[in-house]
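Look at the two complexes coming up: subunit A is in both, with subunit B in one and subunit C in the other.
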Partner chain A sequence: MNPGILSTELVLMAGGFLLLLLQAFAPRLKPLFAPAAILTFLGALAALTLKPSGLHLWGTWEVNGLTRFFTVFFLLGGALAVFFGAYVLRRDGMERGEHYALLLWGTVGMLLMVSTRHLLLIFVGLELLSVVLYLLVATYRRTEVAVEAALKYFLLGSFASAVTLFGMAWYFGMAGHLMLAPPPPPLPKLMGMAYVLLCAGFAFKMALVPFHAWAPDVYQGSPSSVTPWLATLPKMAALVVLVRILQTLPPPLFLGILAAAAVVTMFTGNLLAFVQQDTKRMLAWSGVAHMGYILIGLAAATPEATKSVFVYAVAYALTTLTAFAVLGALTRGEHEPHFISDLAGAGFRHPVPALVLTLCMASLAGIPPLVGFAGKFYLFYAAVEAGRTGLAVLGILNTILSLYFYIRVIYTLYMKPAPVEPLPDTTGGPYRVGLGLAGLLIVFLGLAPAPLFEAASRAFDAMVTYYVR
Partner chain B sequence: MARLLTDHLLSVLIFLPAAAAAALAFFPGRAKGAIRGFTLAVTAAGLLLAVWLLAAFRPDAGFQFNEWAPWISYFNIHWFVGMDGISLLMVLLTNFLMPVVILSSTRFITEHVKAYHIAFLLLQTGMLGSFLALDFFLFYIFWEVMLIPMYFIIGVWGGKQRVYAAVKFFIFTAVGSFLMFLAILWMVAQRYSATGGLDFAIFSYYPSGLAAASQVWPFLAFTLAFAIKVPMFPFHTWLPDAHTEAPAGGSIILAGVLLKLGAYGMLRFSIPMFPAALAQFLPWLVGLSLVGILYGAWVCFAQDDLKKLIAYSSVSHLGFVTLGLFALTPASVSGAVLQMVNHGLSTGALFLLVGVLYERRHTRMMADFGGLAKTLPVTTALFLVVALSSIGLPGLNGFWGEFLILVGTFQAHPWTAAVAASGVIFSAVYLLTAVRRVFFGPVTHEENTGLADLDLRELICAAALLVPIVWIGVYPKFLLDRITPAIEHTLSIVKGLMP
Partner chain C sequence: MATALFFAFAALALVFGILVAALRHPLYAALSLVGVIGCLSVLFYLLGAPFLAMVQLIVYAGATLVLILFVIMLLGLRSEPRAPEAHPVQKGLGLLLCLNMLLFFLLGAGTLVRKTVPMTGGGARSGVEDLGRLLFSRYLLPFEAVSLLLLAAAVGAFLLARREWK
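Right, the complex of A and B next:
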């Protein structure tokens, strides 16, 4: 066996262990933990080049355009999350090596999920990720809301995992193996049940309606060092698994269900985001709605639509991660709620975070020339081209609905008078630089989205090649 | 270097303001004078560039100064800009109004000066790009780029109800443009399934080649987006709020240029792309234009707020513009395009002078004024001339636009033209009534006695606007010669295909 095929994962695992040991035996090196974690992510990115393309480990381990596409985003997103998280943790005096180790290991879980078609490996990845997430939410263990969120997440999440595991068992019973592959026609009736159960766990991670109820509470309760990561990258990993499952099925199957789920998810997310007072909760519901738009692409089910879904996921992840990072800076502290109205007057007082948050809101609303628009452009074009014009119209109507709560943040920032005690910017200069760079990236990928489109296209081609084999 | 400039004139024109906005970001916020001076210089340079384009423009050469370069090749999207007579006029109007706006804002805008100027420069890039884009994707990007700066201009530097007005403006405009976005995607997808090629060039859809039945929805989506922007009755309700609450500079640009984008879009998209659907909805569009003319005028009678009166008079005057467009005769469409410029100048000047009054008295209510002619003779004279130009007095610019629209409309719909002509009379009534209430009669308020007349800066702004007002009034042929070929070309596309 060539150890190169696991190079990225090994680097991440080793980095995590190292940080754990350092925390135990050399806590004085604490200021170096975050740079070390970022270096580990970048080292893993370098190690990605060592991975030989192809199918490895008896056909269970894939290295191709698809895995590369998502690995790159998981590693860069992870590095970004470490960077932002470090300043939040330092501000609160909560910095510990475990935080970084968990982020590194969680990334390994996500890489497992996207790199294989073997259900058992996918499940191991899912659980690794889930356990990491439960722990991360609870890192502020003296903050009541955080503990409550962690407990809720744990109970619901383990239930969803159990259902998925049951689906896998069912699948094994019907198919006789655990590889995701097109079932030989005709599809046995009970096989459909296996797929539904199988999808549940991933729908839960993506917060699709009706598996969404945890999202607002957990996003609101989890500390700002964790939310940016929690709300974005795990959704991408679950999406890849969902796409893989759907790719094995003959097209007409499930499309009706997906379309219905898209409509319900979009409307639920947007209508409930409308009435939120807490920015984090609003972003949670907005995240639900965005997964609804993604379901439009899955229901359209053409190659173009699936590629557009990958692009959309990246756009969502980058924008939402940045938005939560801004909320980590503009806050009265982790014990306090993040009311939208608290942002009043922050626009001119804290120009950089406010401008970046404005860009994020505009990007989520799909206003050009930002990355969120590039995603919507591709997604809606693919849906219309696939003949799902009705779904696209509903998607646009939802986008219009969503305008109100996104611009509400903007006008609160710039047009409402500042309160007596204005919101402080708690995380300092380097954090602002990071936010500014993320904001520039949001603009840049909106102006020049072609590389993103092409990479997503390669990812999709790699995914389907193995089924044609 | 010179070659680089002459080959990319339009790109330079579009991105000069955006580049200046980026440069402004590095100015210290306290250097208000430097910020204002820099912005004024940049907008003046933009005006010079526009005049250069006017001088180099050849009326019968179709689209010129074209630039074409691959942008998002994955979707076959290009950086494709070009200028015909219609866009030339719009670009001139935009770049002419911008320095005036910047100069006129000096005293009124004292907070967040840097952000104000950045917003205006970004807005200018959006406006110019929308007028010059010849690629659907590019057009949509520029169209939306205008939204956020204008939202900020109304919402940050506006009056008491500014947040409400800004949100209303944003949502109305965005609703229309999102539906237009979907229509663009749908048309491109239809073309793709017919030919197997992705094509975002606007010319490729002259006409769209869709079956008559399937033209209806995209036509309605485009026309709704533009009708909201114009605004046509009954989509006009955002306009009075936005105008009333916006700062004077914002009102000038909003009335002067942004509303024109709606009419421009109708001429560039709705009319040539969907002839069959156009024929089907023509009675409605002509009817709504007529309703807009009369309704806007009647509402003006009831206004006490001077700014609101001018806002509603815009609804009425832009009713003339859309009437001229949808009458589809060469004379009426020429008149409509000319009237777009005229309205931009006259209403811009009116908002400017109302802004002058507001700076002195901090009220817009006509009842709070009265007898200003004694203390502010220059203001009064200028306001009267501008009001007369807005009414359509022969010898000033407004006359030619309304005259051509009515003549052209008479050829197609005689009765409509007859009823629409009453709108001219109404506008004389409400505008002259307003002039009388504000400037003449006895002085009823103590505060109005000691006011200072226009200072030099304000005088320059107002006089600058008067030059083209008189020039077009005396010699409209210069501009008409430049737009006629473009209009005839557009109409020739439509005429053969309308059932």
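Right, the complex of A and C next:
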């Protein structure tokens, strides 16, 4: 066995071990923990080049355009989340090596999920990711909302994992193996049950309606050191598994269900985001709505549509991660709620975070020339091309609905008079630089989305060639 | 003989399973869970998987259940307070869903029995040696990944249970 096929995962694991040992034996090096974690992510990125393409380990381990696309995405996103998280943790005196170690291992879990079609490996990856998520939410154990969020997430998440596992058992019972592959033509009736149970578990991680109830509470309660990561990348890992599952099914079976789920998810997310007072909760509902847009692409089920889903995933993740990072800076502390009205007057007092938050909101709303617009345009275009005009129109209608609550944030930032006790910017200068760079990336990928489109296209081709072969 | 044993223990497992959910005293519920696990272990044995049967007994009935009992004892032995009565509409809907599931599984079980799919590779061999070979070849990666999962869980438990930060 060539150890190179697992190079990225091994680097991440080793980085985690190192940070754990440093925390135990050299806690004085604490200021170096976050740079070490970021270096581990970048080292893992370098190690990715060592991976030989192809199918390894008895066909269970894939290295191809799809896995490379999402590996790069998860590693860069993880590095960004560590960077922002470190300043929040330092502010609150909560920085510990374990935090970074868990984040690195959670990334390993996501990589396991996207690099295989073997359900057992997918499940182990999902559990690794889930355990890490529950723990990271619970690290602020003196903060009541955080502990409450962790418990809710843990109970609901364990239930969802059990449902997924049950689905895998059904799949095994019907198919006789655990590889996700197109079932032989006369589809056994009970296979449907297996697929429904399987999809339910991953729909939970993606917070699709009706498996979304955890999202607002968990996003609101989780400390800002993890919310940017929690709200974005794990959803994408689940998305890849969902796409793989759907790819193996003959289309007419599930397109109707997907279209219905898309409409319900979009409307639920957007209508409930309308009435939120808390910025984090609003972003949680907006996240639900964005997963609804992604479902439009899955329901269209053409190659173009699936590629657009990958592009949209990156656009959503980058923008939402940055938005939550801004909320980590503009806050009175993790114990306090993050009311939208608190942002009043922050626009001129804290120009950089406010400008970046404005960019994020505009990007989430799909205003050109930002990355959110590129994603939405491609997605709706692909849906219309696939003959799903009705869905695309409903999607655009939802986008218009969502303008209200995104622009309300921008309005509050710049137009509302500052309160007597204005919101402080609790993190330092480097944090602002990081926010600025992330904001620039949002603009840049919106102006020049071609590389992103090409990478997504290669990722899709890699996924499909496998099934043709 | 094997069929009769299967039905006897399957029925017993169901009875114990219902007791786990229905009994209000946590200790009795946990002990019923031991019953469920014991019955399942017999079912594994009947399916020709003696190793799994033993592991089921040792790990679940032995280790996990003892841990659960310890926690129950530590937290004090109180009966679960009766939950507030559900709304009649909720009850009706719940009943309907349960019946629906029951019907589905009964119909499903029928098809499952008629269309048994042979397992690919390995066949019916499931001795310790065969399991070991599989774990260290084809399933090595998931096996090793589980060790990382357990480590993450242990680190997390330690992180959450520490007395003091710093």
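Quick note on the criterion: the second predicted complex is superposed on the first by the 469 of 469 C-alpha atoms of A that agree within 3 Å, B and C clash if a C-alpha of one lies under 4 Å from a C-alpha of the other, contacts with A are read in each partner's own complex, and residues count from 1 in each chain.
Criterion: a residue touches a chain if its C-beta (ideal position, glycine included) is under 8 Å from a C-beta of that chain, and two chains touch if they have at least 3 such contacts.
Because the structure is predicted, anything quoted here is derived from the model rather than measured.
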Which of subunit B and subunit C A:72 touches, first, second, both or neither: neither
Subunit B versus subunit C as contact partner of A:396, first or second or both or neither: first
Which superposed partner A:407 touches (first subunit B, second subunit C, both, neither): first
First (subunit B), second (subunit C), both or neither touched by A:381: first
Touched partner set for A:449, first subunit B, second subunit C, both or neither: first
Footprint overlap on subunit A, where subunit B in one structure and subunit C in the other make contact: none
Contact set on subunit B toward subunit A in their complex: 72-75, 112, 115, 137, 140-141, 144-145, 147-148, 151-152, 155-156, 162-163, 166-167, 170-171, 174-175, 178-179, 181-182, 185-186, 188-189, 192-193
Subunit A residues touching subunit B - in the complex, by the definition given at the top: 348, 362, 366-369, 373, 377, 380-381, 384-385, 389, 392-393, 396, 399-400, 403-404, 407-408, 410-411, 414-416, 448-450, 453-454, 457
Residues of subunit C that touch subunit A when the two form their complex: 104, 108, 111-112, 115, 117-121, 137-142, 145-146, 148-149, 151-153, 155-156, 159-160, 165
Touch list for subunit A against partner subunit C, complex: 6, 13, 20, 57-58, 60-61, 93-94, 96, 98, 101-102, 105-106, 108-109, 112, 118, 120-121, 124-125, 127-128, 131-132, 134-135, 138-139, 141, 173-177, 188-190, 193
